Each structure stands twice: as C-alpha cells, then as structure tokens.
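Same chain, two partners: subunit A is paired with subunit B first, then with subunit C.
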Partner chain A sequence: MLDLLAQTGLNAVYAASYISLVAVGLVLIFGVMGVLNFAHGELFMAGAYAVVALYADAHLPFFVAVAAGLVFVGLLGLLMERALFRPLKDNPLGGLVASIGFLMILQSLAVMGFGVRMEHIPPVTQQVIEFSEKVRLPVARLYVIVAAVVLLTALWYFLKRTRFGWALRASAQDPEAAALQGISITQTARIAMFIGAALAGVAGALTAPLVSVNPHMGHSVIVTAFIVIIVGGVGSLEGAVIASVVYAVVHTFVTTFFDGVIADITGLSLMLLVLIVKPTGLFGSRERA
Partner chain B sequence: MLLEARGIAVSYGKVSAIRDISITVPEGKIVTIIGGNGAGKTTTLRALSGMVPIRSGEIRLGGTRIDTLPADRIVAHGIAHVPEGRRIFPDMTVEENLRTGAFLRRDHDKVEKDLADVYARFPRLRERRGQRAQTMSGGEQQMLAIGRALMSDPKILMMDEPSMGLAPVIVEEIAVIIEEINARGLSVVLVEQNAELALDLADQAYVLETGNMALEGPAHELHDNEHVRAAYLGI
Partner chain C sequence: MLRAGIWILALAAFLALPHGLSFSQQEILVFLVINILLVASYRLLTLTGEWSLGHVVIMGVGAYASALYTKELGIAVPLSMLLGGLTAALVAVVLSFPLFRMKGFYFLIGSFAAGEIIRLLWKRFREPFGGAKGIKGIDPMPDFSVGFYRFDFFEPVSYYYFAGIVVGVCLWVLWRIEKSPVGLTFHAVHWQDKLAEASGVNLRAYRTLAFAIASGFAGISGALLAHYVGTINPNSFDVEVMVFVLTWAIVGGTATFYGPILGCIALTVLNEIVLRELGFEQMRPLIYGAILIASILFLPDGLESLVQKLLRRKAAPAKERVAE
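Entry: the complex of A and B
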C-alpha cells in the first residue's frame, strides 16, 4: 500500500509539472494581454508535433527537437500577438474568438501535415530510476519534472528581479499606468506572448514521447488548464502553480483508486466548489493581477 | 516656454471632449487647470502626456513636437504624469513601484540618489518599502504615486486631482510637498477640483468649462475674479 501511494505520488508530481507549465503560460498571457487564449492547448500540440517532425521523423537529438519546439511555439505566440491580439486589443471578446479560430487553424494544419492518426514516437530513454521494486520513475518523466522546476524558477527570477520582468508585472497590473512610466505595452505584450506560448510548447515537446500525439490532443490540455487557473485564481501565477499541484494530486489519486472518468468529474467538482466558496479562486484577489 | 500646447482638440468617438485648448507652462512655475466635473481637465492632461491622441493643434516640449509620440516615449522627454486615482501597481512593493518609475533611466548612480531623496521626502515610504502598495492608505498611495513620478527625473510633473478622496490634513501635506518640489526647480501642472487649493499654489491658472477655455490668467487674479469666486470657490 505504501508503495502504491509513493508511486501515485510520483505520477502526480509528473502531472503537476506539465500542467503547471501550460497553466502558468495561460495566466501570463491573460494577465498581460487581458485575453483568455483558447488556442493554448494547440500550442501544446504544436510543441509535440515539433518533436514528431524533428526527433521521430528527422532523427535529430531529442533535446534539439525540444529546444526547436520551444522557439517555434514561442514564435507562434508572437504571430498571435501581431496578427490577432494587437489589432483586436480594444475588443476583449474579439481576442478570445480569434484565438478559437487560431486553434482550428492549427488543428487543421496538423491534420494536413501529419494526418489524424496517433503518432508513434520512439522512446527517448528506457532508463528507469527504481526507488523500490514497485516505486519507479522513468527518466523521460524526470526530464519533464526537471524542466518544469528549472523553467518556472527562471520565470520567477525574471519577473521579480529583472527590469523587463517588472515591466511585465506592471503592465499586467495597470497597462495605462505602465505606459506612463515609459514601458512600451506592445513590447511587454510580445514578451508575454513569447514566454507564455513557449512554456506550452516545451511542455508539449517534452511529454510527446509519453502521451498519444494527435491533432486534437490540445483539447484535454486546455480543459485541465482552465480548471487549474480558475481554482488558482485567474491572474495569479503562484495560484496557477499551486492549483496545478492540487489538481494533479487529486486527479492522479482518483484515477489510480477509481478511474479516469471519475477523476475528471472530481476535477470539475473541485472547480465548482472553489467557484462557490471563493469565486476569485484560491489566490485571486481581483479580476486581473 | 517649457511646454506649449496650441489649439488642441480631443474627441472620444464622435463626442468632442475638448476644443481649441492652448496652455503654456513656463519653466519652474506651477500652472493649474481648474473646472467642474466633465469640463475636460483630465482629458487635457492625458493629451499632454500622450494617453489620448489629439485631433488638431500641436504640443511642444522645449521646442520639440511631442504630440505625435506614444505615451511611453513622451516620458523619456521629461513629462511625468501622476494619473487620477493614483494608479499605483497594487501587487508590487513600494520600492518596486518607485523603481518602475525609473524604468527608462540608465544613470544608475543617480537613480539610487533619487530613490534616497524620495525616501527622505516621504519617510513613510521608506518604512513601508517592502510592503505591497495596495495595503497602504490613500494618502500614502498618493505620496507613492508622486514619488514614482519623481523617479523618472522629469522636467514637468503633471498631477491629476492629487487631493481627491483625502482627509484635509493629508491635503495640506500634499500641498506642502507640491510647493517643495516646485521650489527645487520642477515645473508643475496641477489639475484640481479643489480650486481654492489650486489657486493658492499656482502661478498661472486656466479655467475649463465644458471642453472650452473659459478664463486664463495669473492665479491670484483669477482668485479674485467674480465668476471664479461664484462658480468654483463658493464665496
């Protein structure tokens, strides 16, 4: 029993890692742009397909493919900023609807380029860390955990300790007041879109060998991410990370001891409960932070 | 003339907010814009700092045209704008707010010196440097907003309703601070509903009524003007 608990705990840590990468990016984009990016799940999918194209098909080293996926999806973020969100910036609903359109475009491109079948990606490594006979952590999962810790720590440092990080937080809290300090809102929007998209892309790229890659894989990712940011408080980066851990633990344990459908229901119920008890989310204080 | 606006007009959609407004700010002086609610005071200030585009006219700072620049470039030319309602960054600490005011500056030694100056002027801000800005009182937030503006090392400090919502004793304090800042050579543009306070502090005054310039002149003359006394001073 103790083994099962430990193993499920490890699975939860892995799930929390990639969920928090996706959710933090979503919150960052919402905070700075004021737009809920419905295409965020498809940015995750695009990162996974970067690994399909460069690692599985072109036989480049896995981490080269992941780095390329990060940059490629970051650039998709820049494209969204320029083509969708900037022209629609006085129309918050417009940005949201445009992101839904972009989601469909990305899905269609993936179908056209790769087909609807599930992609087979050769395992990156067969290595497994054995804590005991029944408690095992595949190294491929460890990569995801390490990447999440490193990237989220780097993001925290960037936001709290650097000039542009402050500019980003200032424009998320009050864009007009930020402009009055000489901060270019266009520039902070670009930075937020690149980072937010790249985090989703790297999560998709790293998990590609571990999940079933297909053009519609973004759907479950975006639903999970929305639950997490609502529980954590829309606009709160810390809230997104903590809610990712809470959600991953609950979902993983319920999946293990009951099944996946009940786990999904439990996750949604958790969101409803938070909305009833504290509508701003666990860490949200206002509409935007 | 440090700042000169000639015949500026601003519209929001089809609604005209201000028409043919001309204002000049001499170096080292306090200029005030008074008027009732919706007279266009805030719009005028927002036009000067580039927050709203002007439809006609021109704005020059030290001879350079600035009305074509976006707000974040105008700051670099030396205009600091303390917006209505203070608009501090609520989730940042007091010190982060102040340092954000120096965002564009590269003269790091002078920035540290200016930060020390702001703390000397506002000891309360030094005490609360690590505290989140939203936890402070209205008066403290106003001081933070002024301190943040000073951190950009401006030539002109523009303030929109600094007395709004503050207790009379704090308003007194703010008035003293404005005089001190001006005494050190900084030009001030003060927008106020509190006409008594504004006319006491200012050298030059403008009176806006429904988007038009109604009166202008030396502040002490306007203070004695029949119309101003009846409409704005309640005497």
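Entry: the complex of A and C
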C-alpha cells in the first residue's frame, strides 16, 4: 500500500510538472494580453510534433529537437500576437474566438502533415530510477520534472528581478499607466506571448515520447489547463503552480483508485465548485475579464 | 401583398429545393434544417449577453433523452422529441443554478465545464447511455400519410419536409418570443442590466428563462437529429460541433434574428458544395478556422451587416424621392 502511494505520488509530481508549464503560460498570456488562449492545447501539440519531426523522423538529438520545439512554438505565439490579438485588442470576445480559429488551423495542419494516427516515438532513454521494487521513476519523466523546476524558477527570477519582468508585470496590472511610464505595451505583449507559448511548446516536446501524440491531443490539455487556472485564480502565476499540484494529485489518485473518466469528472466538478464559491480562484485577488 | 408574395415564394422554394438533388445532397439539406434550429436557439441565449460553450451538449441531452424515451419507455417518436426538448430545458434550469452565479468569461468557462461533465457521464455510464459507443438503432420516425403526400422516412426528402415543418414552427415561436415583451426584456437584461434591475426586472429569472427556452429548442433539434441518423454517441456533441455553431453565429452576426441562420446556410453551402465537390473535405477545420478568424477581423458584425448595408442603399434613394 505504501509503495502504491509513493508511486502514485511520483506520478502526480510528473503530471504537476507539465501541467504547471502549460498553465503558467496560459496565465501569463491572459494576464498581459487579457485574452483567454483557447489554442494553448494546440501549442502543446505543436511542440510534440516538433519532436516527432526532428527527433523521430530526422534523427536529431532529443534535446536539440526540444529546443527547436521551444523556439518554434514561441514564434507561433508571436504570430498569434501580431496577426490576431493585437488587431482585436478592443474586442473582448474577439481574441478568444480568433484563438479558436487558430486552434482549428493548427489541428488541421497537423492532420495534413502527419495524418490522424498516433505517432510512434522511440524512447529517449530506457533508464529507470528504482527507489524500491515497486516505486520507479523513468528518467524520461525526470527530465520533465527538472525542466519544469528550472524553467519556472527562471521565469520567476525574470519576472521579479529584471527590468523586463517589472515592465511585464506593470503592463499586466495597468496597461495605460505602464504605457505612460514609457513601457512599450507591444513589446511586453510580444515577450509574454513568446514565453507563454514556448512554455506550452516545451511541455509538449518533453512529454511527446511519454504520451500518445496525435492531432487532437490538445483537447485534454486545454481542459486541464482551464481547470488549473480557474482553481488557481486567472491572474495568479503562483496560484497556477499550486493549483497544478493540487489538480495533479487529485487526478492521479482518483485515476489510480477509480478510473480516468471519474478523475476527469472530479477535476471539472472541482472547477465548477470554485467558480460557484470563489470565481476569482483560490489564490486570485483581482478580477480581469 | 408583397410580403405574402415573398412567403409564397419561400414556401415554393422550400418544397422544390430537394428535387433534382442527389441523395447525399438531400441528406445535407436535412442536417442544414436541423442546424438552423440549433443556431437560431443559440441566438436566443446570446440575447441576454451570455455566450455558452455548452449548447451542443444540451442539444445532445435532447437527443439522448428522446432516444431513450422511445427505447426504454416505448413512447411514440414525435411525442418523444417534444419530451426530449422539455428534458433539455429542465437540465438547463438545473444547470442555471451553478452557472448563473457567473457572468461573461466565467460563464463561458463554466458552461464548457458543465457540458464536458455531461459528456463524460454519457461516456462513463453504459446503462442507460451506452458508454463511448453511444446508442444505436434509435427508432426512426414512423411513416404516415396526409392524403396528398405520403411521408416515407426512408427517403431524406420526407424527413426534410417533416424536419422543415417542425423547425419552421419552432422558428416562428422563437421569433414571437423575441418580439414579445419577454424578448424585449432579454435585450434589456443584456444592454441595460442595472436599469432593468432598478425597474423591477428579475435578471436571474430572465437569464434562466432565456437559457431554458434556448435549451429546449436545442433539445428538439437534437431529437430531430437522433431519429434521423439512428446512432448517437458522446462525440456527436463534442467541442468541435460547438465551434461550428459559434462560427455560424459569428460569421452571420447575432444582432438580427436571421444573422446566425444566414451564417449557417452560407457555411453549409460553402462546405458541402464547394469543399466536397472540389475534394477539400479534409481541410474543413482549416477553412472554418480561417473563416472564423477572417470574419472576426474584417467583418465583426457578420454577414447580416452586409445585407443591411445593401438594404439601406436601396431604401435611401426611395426616401429621397419621397422628400422631393
């Protein structure tokens, strides 16, 4: 029993890692742009396909493929900022609707480029860390955990300790006042979109060998990310990380002891409950919608 | 006189339309008629200012309910459709308790979550919902004869006429609701909520009412679909379909009654005639996505704004003549 708990706990840590990468990116975009990016799950998918193309098909080293995926998806974020969100700044629902359109385009491109079938990606490493006979952590999962810790720490440092980070947070709090201080809103929007999208891309790229990669994989990712950002509070990066851990623990344990569908229902119910009781989320203070 | 003429022409077009089309094109007409009801009911919901992402799941509630009533309880088909619509309305009333504590963006996400929960329940419980495979072998509409015309529901043309009449009646009811004091209150709830509330309008009650009515008609459209295709499963009502409904509404525009219907017809024509004939069927999501983006960027008021511009241009010279 103890073994099972420890193993489930490890699985939860892994799940929390990639979920928090996705959710933090989503919150960052929402905070700075004021747009709920429905295509975020598809950015994750695009990162996974970067690994399919470069690592599985072109036989480049795995980490080169991951880095390329990060940059590629970050650039997709810049494209979205320029082509969709900037022109639709004054249309509250416009950005959201446009991101739904972008989602369909990305999905369709994946189908055309790679087909609807699941992709087979050769494992990056077969190594497993054995804590005991029944408690094991595959090294490929460890990569995801390490990447999440490193990237989120770096982001935290960037936001709290650098001038760009200050500017970014200022324009998230009050765009007009920030602009009056000489902060370029367009510039901060670009940075936020690049980082937010790249985080989703890197999460997709790193988990690609561990999950089933297909053009419709983004759906479950975006549903999870929505749950997490609502539970954590839509404006709060720290909240998103904490909520990722909470959600991952709940979801992993319910999956282990009941089944996956019940776990999904539990997660969605949790989100509805938070929306009913405290719509600003458990950690959010300020409302922006 | 002129209006009567237009209506007679429209009726003639409705009756003549399926003739000369191929079998598969006739089937598309059936779906088009059903989708028109779906998107028109969606507009009633948007009147109060709320954009739901659960409308297609509510349509599914009507489909599942009607299929189960015929299968498990042996209720006759046309009656079961009505009950399916009622069930969808009831589910909407129940959902309104949690959902209408939210507004705007939160309502959007909340309705999405509620819809996903319902879909997962269908998937999880094989009894009575049939699990992921759904319900198969749903009773078709029984054939009947009205003297001069025999409805043979093996033929899509017959189902098209039947669904067309049902949808026509539903649209008329929706139109009457919108033009009634209740419908005007819906507008007030959207645009002047503070003022409306100060004048004694119970906002929550009117929001719930609009949600229930819209859901009821969505449920009927779902039931029409279920008894035509014969098989439904949780994926028949997934987010992708919701995105199509959203696209129709946005491309058409939601400021007028006919806007969403116009969008639905225009995109169906584009989809079935242009894409299918040219062999671009696989690119459908791509083209829908591009159209959605293009219309929100360049035509934010929808196709209806083009129609209105055209009408105004024609009306303007007439007015000048009167002035002379």
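Operating definition for what follows: the second predicted complex is superposed on the first by the 287 of 289 C-alpha atoms of A that agree within 3 Å, B and C clash if a C-alpha of one lies under 4 Å from a C-alpha of the other, contacts with A are read in each partner's own complex, and residues count from 1 in each chain.
In the analysis below, a contact is a pair of C-beta atoms (placed from the backbone, for glycine too) under 8 Å apart; a residue touches a chain by one contact, two chains touch by 3 or more.
Everything numeric in this text was worked out from a predicted model, so none of it was measured.
**Q** Considering only the touch criterion stated at the top, classify A:128 as touching first (subunit B), second (subunit C), both, or neither.
**A** neither
**Q** When the two structures are overlaid on chain A, which partner does A:146 contact: first (subunit B), second (subunit C), both, or neither?
**A** A:146: touches no partner chain.
**Q** Tell me which touches more residues of subunit A here: subunit C or subunit B.
**A** Of the two chains, more subunit A residues are contacted by C.
**Q** In the superposed arrangement, does A:183 touch subunit B (first), subunit C (second), both or neither?
**A** Touch partner of A:183: subunit B, not subunit C.
**Q** After lining up the shared chain so the two structures overlap, which partner does A:79 touch, if you call subunit B first and subunit C second: first, second, both or neither?
**A** A:79 sits against neither subunit B nor subunit C.
**Q** Under the stated touch criterion, which partner chain does A:64 make contact with: subunit B (first), subunit C (second), both, or neither?
**A** After superposition on chain A, A:64 lies in contact with neither partner.
**Q** Looking at the overlay, does A:174 come into contact with subunit B only (first), subunit C only (second), both, or neither?
**A** first
**Q** Mind working out whether A:163 is in touch with subunit B, subunit C, both or neither, as first, second, both or neither?
**A** first
**Q** In the superposed arrangement, what residues of subunit A touch both subunit B and subunit C?
**A** 289
**Q** Over in the complex, which subunit A residues touch subunit B? Could you list them?
**A** 163, 166-167, 169-170, 173-174, 176-185, 286, 289
**Q** Tell me, which parts of subunit C touch subunit A in their complex?
**A** 51, 98, 101-102, 104-106, 108-110, 112-114, 116-117, 120-121, 123-124, 239, 243, 246-247, 250, 282-286, 288-293, 296-297, 300
**Q** Which bits of subunit A are touching subunit C when the two form their complex?
**A** My answer: residues 36, 84, 87-88, 91-94, 96-98, 100-105, 107-109, 111-112, 219, 223, 226-227, 230, 261-262, 264-265, 268-269, 271-272, 275-276, 279, 289.
**Q** In the complex formed with subunit A, which residues of subunit B make contact?
**A** The touching residues are 49, 51, 70-73, 75-76, 80-81, 83, 87-92, 96, 99-101, 103-104, 148, 152.
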